[in-house]
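Just below is one structure, and these are the notes that go with it.
We call the chains A, B and C, going by the order they appear; numbering starts again at 1 in every chain.
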Amino acid sequence: MSEAIFDEMGLNNQEIRRAYHGLRDWLKETPADILALRREEAETFFRRIGITFAVYGQGGDPERIIPFDIIPRILEAAEWRHITAGLVQRVRALNAFIGDVYGAQEIVRSGIMPADQIILNATYRHQMQGVAVPNGIYTHISGIDMVRVGLEEFYVLEDNVRTPSGVSYMLENREITMRLFPDLFSRHAVAPVDHYCDELLATLSSVAPRNCDRDPTVVVMTPGIYNSAYYEHSFLADQMGVELVEGPDLYVMDDKVFMRTTRGPKRVDVIYRRVDDEYLDPLAFRADSALGVAGLMNAYRAGNVNLANAVGAGIADDKSTYTFVPEMVEFYLGEKPILNNVPTYRCADPSELKYVLDNIGELVIKETHGSGGYGMLIGPKSTRAEQEAFAKRVKASPDKYIAQPTLALSTCPTFVDEGIAPRHVDLRPFVLAGQDIRVVPGGLTRVALTEGSLVVNSSQGGGTKDTWVLKD
Amino acid sequence: MLSRSADNLYWIARYMERAENLSRILRVTDRLSLMPASAEGVEEGVGNEWHSTLVVSDCEKGFYEKYDEATAENVISYLAFDPDNLSSIRSCIDAARRNARSVRTALTSEQWESLNSTWLELSRLKESRLRGGGLHGFLDWVKERTLMFHGSTVATMLRRDSFHFMQLGTFIERGDNTARILDVKYHVLLPEHAEVGGGLDYYQWASILRAVSGYRSYHALYKKGIKPWFVAEFLIMREEMPRSLVACTARVKDCLDELAEEYGQRHESHRMAGRRYSQLRFGRVDDVFRRGLHDFLEEFIDQNNKLGEEISRSYLM
Amino acid sequence: MSMRIRIFHETTYTYEEPVTYSIQALRMRPLDTAAQRILNWTVEVPNFGIVTDKRDVYDNALQMLYIERPHQQIQLRVSGEVETFETHGIVATAGERFPPRFYLRQSELTEPDEAIMVLAEKAQAASDKMPLDLAHSLMSHVREALDYVVGVTDVATTAAEALANGSGVCQDHAHIFISAARHIGLPARYVSGYLMAGADEVAGTQGEAAHAWAEAFIEDLGWVGFDVANRISPGMAHLRIASGLDYLEAAPIRGQRRGGGSESLDVRVRVAEGAGQQ
């Protein structure tokens, strides 16, 4: 892999991009020990407010902080407009697709997608077949993971439309940056993100069931304090001024949902649920789930409550469905996709499987139903032995894997032990869909803190950056 | 607010109150056990101070499943540190902190920091360091920390439903505790054949008063020395004594009234609390003794529990 | 050829302590198919509950029973009269929501293990590979592999667990058949209903009239029933109530409650043949 890596600041070709001039100047003025001090202050801040995230696969500290890199990532207004247009188009297509899956399945009838891709897919929730949802929206909150390989080359890596997380980091990163670097911040015209929670509440309220004739009651539903993203659930509920509930706080009576309050039962209209489909309702899904509400699906099907994101939205979150998204844009919207997919090989297809196994050293192979970066092989970074072991797994169940070429992810200046150095980044913008579709300016930039590493996932040691979208 | 949140707050308060009461009882018992000889009329074994402490804290059954003998070492271990004992000081603080994590946004930062730092320190303590001379230091530390938490609650919490639920927990627990201390000690100290008002070991009576931090207060109100009859009256019917049964019931009633005001709803628990308060407020200690102190206290404990259950039913479920 | 059946089925749940909240999903009402015509049917529920009458995603009749008042007993009474027809196991329901291949989905209860896969492949090898013969071979092999014994399994027993046990009841026979069928590419589903007592060797006892069997999708014939426990095709003594991917989706009653302590169950069933009084 010898392609040139695109550095977003321009560090590697000595020509600093315009958007980064302010940062360049400021870094020249600011000594390294001040930067180190600020980094410590950031960590203290995060620890004090308790923004922890439990790390999987390690015996360690359940109160771990995700590392925050103090150098912001800066995007220009024009490039953001392009991204936004692409995201809005993509989310429209995804919603149309999900509606079609649980409706007439025209995309199957047309021959574009084989029926099995849906009906035999683990993320397909047959309990949603024929169920109408308010405004036809299934993905109220989407986190569309993107990467950049060149000045104008953006790819979508993954569509997260089940229970995407990271918004609280986006907001707290902005908060801490404004506090620690008011002078740097004020030199730039940065589009604000602080109103996110207001927008989120407005989005959720706007999709209350049609028969709701009062001010809709919105709640955030969490699996509880032992969930790794609990901080975010609690944060969002607090910022929106709504109750944070767990399954046992709710119950269904006469196909309607109520919450148990000290004033007696209170009707619930919209549930922003951060509990997976499987655990939502022991009478419809896993019977042993103590995290859900018995009969919730009945209330949902009866149109007496709405869930964000919709049950069964995961059919669009699946890596094998991902390969069809460009076709969805054309099929449902009659448009050409603005944002491209990463070229993807489906191991379920015999000829594509052969290509994958022949080129295993150059590809990234992922599980179709995995998440968080596990169950993945990064070809160029793996040993012969690792490749052989992984190839065996793929051959055993090919339909569980897809492969993509390794991308030369862009880099951004990052404050590491050696000073300011480029590190690979990706981007997770957040898209809200209610009465209309809005993209929050910026989103979450994830950075691989180790030199040369492409793994940005927080659960495997990545960090985050504040992301700035400059106004024109 | 969510019933579960209110329930968590209620129990945080109860657990912290329980931990405080337990530390007080243990200190008194420790002092008493150092006294030479037993009192006149008190049989050996029956008057075992450590055993009676188990009865007061309602931990008798669990203790004897684990240990054969109520020695100082065993009882202190069981009541202060044993995680298997859900009412031990350690378990109470663990449970309070666990509950607090779930309702963090309902607590002030002072409350959370007070509770969290207490828990952190406790988790670092080694039981072995606290034998003998270390015990008093530990008990003082528990009293200080629980009082600090209570203080932060009263000083910083907004006077609304969340505050009232915590107060309810505190006073239901406190009333229960005072009744038990009086019942067990009095019962132990006054064998059937002895007369009320007869000569008994001064230190034993003083111990009841110290266990409820009422030694000086008693003397401020009753100038003629310690008499069992007056001790009972002091702890049951004097509203000036903050740990008395009538004072605790009054506070419970007040909290319920505040909640009724805030929510615009009254429940069976309001009726119950009102009735119990007036029974105590307008009762006479002669009637208590005519009926039998033990019976009276047993009924109080039972009714207090029922009131707690009714409060649960009305708000916390 | 037809038969008239009258059924009376009373289920009583009694609780040690008061139950403060109860939600129950009832699938107790049969629908017309080519093999059965419902003449009259009532499901009586406690009058202190609220009932909503719907269809589930498979179009099974579904009643949701909600009780918010403290109670210590729930009694459900099902009674009705139906006319059944001989169709040699061929089921033609009013409408199918899902294409046959949907029923290749395995659920937690039917996920096959090594033993089930081996059993399936063995049955396949012993057949002429055509779907109908394959299904009969499966039925036979499954029945052989599992003795009918009451009380060793329960409603949560998976197909794999039951097979490992070597014995079970009609629910287990059906689950293993379904698991095996799906593994070798034959769509199959679970059916719950009644089998009139005395019709066959297995369901002969009073109170055992509640029965479970399977259906497999056979090319050119459509859905065909297989009463694996009895090793027959469902006939006029079978009354089909609900179907789904597994027991949980077709169960006559499934729910949750708050409080109650331990639960005891009492069942009374009367099944009679011939026309009766109104």
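Definition applied: a contact is a pair of C-beta atoms (placed from the backbone, for glycine too) under 8 Å apart; a residue touches a chain by one contact, two chains touch by 3 or more.
Since this is a predicted model, take the numbers as computed values, not measurements.
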item	value
Innermost chain by mean C-alpha position	A
Chain whose average C-alpha position is farthest from chain B's own	C
Rounded Å distance between chain A and chain C, as computed from the means of their C-alpha atoms	42
Intercentroid distance (Cα basis), chain B paired with chain A, Å	51
Rounded Å distance between chain B and chain C, as computed from the means of their C-alpha atoms	57
Contacts with two or more other chains, residues of chain C listed in rising order	none
For chain B, residues contacting two or more additional chains	317
Of all residues in chain A, those that touch chain C in their complex	115-116, 119-120, 126-130, 251-255, 282-283, 286-287, 294-295, 298, 301-302
Of all residues in chain C, those that touch chain A in their complex	21, 23, 25, 50, 52, 54, 57, 64, 66, 68, 97-99, 101-102, 104-105, 108, 156, 248, 254-256
Chain B-facing residues of chain A, complex	224-225, 234, 238, 243-246, 248-249, 259-264
In the complex with chain A, residue positions of chain B that touch it	1-4, 6, 101-102, 104-105, 161, 165, 259, 263, 265, 315-317
